[in-house]
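Per-chain residue numbering starts at 1, and chain names A, B, C and D are given in the order in which the chains are listed.
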């Protein structure tokens, strides 16, 4: 299991090769690369800055990688996540899972990226048309409202 | 859409980068790499030779790539498939799909590799313990029996 | 007409490719198989079990009843075993 | 106790980190928020809408009723927006 949180870009080929090199029981390797899009919510995005919580981010990513290994018969799990300033077309995240069985690898990879894209401890500051704006997490707001209400009653 | 059927190995990083380079509307890139396992059906495999039907293979792969683009809102689809002699740990196939939406990319990638691993026009000759043996396609045999029976009656 | 054989069908027939001019009454894939079986004992053996013989006419998958008239390339092969 | 702020909470409070020694009666995350709000108008404004404030105690997600006693690091941040 490998988890990296880094400012630098990553080399997809080198990262993926490291998962399978010398391992002859691996039938398949599923991976997903997330990239910065130039459009978000209809507005043009010129850049984005990802802030995170150093230390806690790594712990949370290791936790979800461990959960994937518990749910599926995986050989290896890899997560590489960038932070800092990123521009459209830049790579943000790579997640990958290898297994003797292709469906295990594919499902684990989908599970990882769904979690990473919605629940990983990152905050997005988007530059749209000159102005910098923190991206809202709308659905979580509603859930949160309920959560805080329950304990304040 | 890119389809390659080749004897040589491929460079995962270079192939995947070519799908997203300079395209800023792509949010995600899902991919799968299939590798030769050293075990098949309980027997140790020392090597495998993939035979194919040059010309028809490319047409069939282009057809399934086109079908994926019709089913999901994809930006690009890539299939690279090797033939010839391969050893455990060698890469056999790479398929990838890119899209503005991660679920489209993930589902299309799973669709492609399921088709490639079961229905692509390749025949496997496995070397197990000194002997070379053509791999059977059991399920298809039964279907086939029915098919030929229907027309011979 | 060019006839191609792949995988163990190629090995059993003993060749990868041959050129045949089938008689006038060969209309379908099934007819062509019966004709090819008369060419040699190896052909008869290789093409004997039609449950495990697949066919493509001009690089399109074909059924036993499909026409081979005017085809330039007919291929026979076992069920595919995938990549 | 070290208190950390992230994203727009950091901007509104006007600092990324501060060291606080809360009074004895601060037992929970909710208590700590009330205490921090007394430190400055910026704190009061930033931490005012608890619907959009999340907390971690010693790098573990925490609920408003969870204890902060003995904690060495408490962080406040908006709901995550993913990678």
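Here is the rule we use: a residue touches a chain if its C-beta (ideal position, glycine included) is under 8 Å from a C-beta of that chain, and two chains touch if they have at least 3 such contacts.
Computed from a predicted model, the values in this text were never measured in an experiment.
The minimum number of touch steps linking chain A to chain C comes to 2. Computed centre separation for the pair chain A/chain B is 27 angstrom, with centres defined by C-alpha atoms. Chain geometry summary: the mean Cα position of chain B and that of chain D are 51 Å apart. One inter-chain figure worth recording: chain C and chain D are separated by 76 Å, centre to centre, where each centre is the mean of the chain's CA atoms. Centroids built from CA atoms put chain D at 25 Å from chain A.
Touching two or more other chains at once are residues 34, 117 of chain A.
With chains as nodes and touching pairs as edges, the resulting graph is an open line. Every pair of chains that touch is listed here: A-B, A-D, B-C.
Of all residues in chain B, only 11-14, 16-17, 20-39, 88-89, 100, 102, 105-106, 109-110, 113-114, 117 touch chain A in the complex they form. Every residue of chain A that touches chain D in the complex is listed here, in rising order: 34, 50-51, 53, 55-56, 59, 81, 92-93, 116-125, 134-137, 140-141, 144-145, 147-148, 151-152.
Contact residues on chain C toward chain B in their complex (touch as defined above): 4, 6-8, 30, 50-52, 54, 56, 59, 63-65, 75, 77-83.
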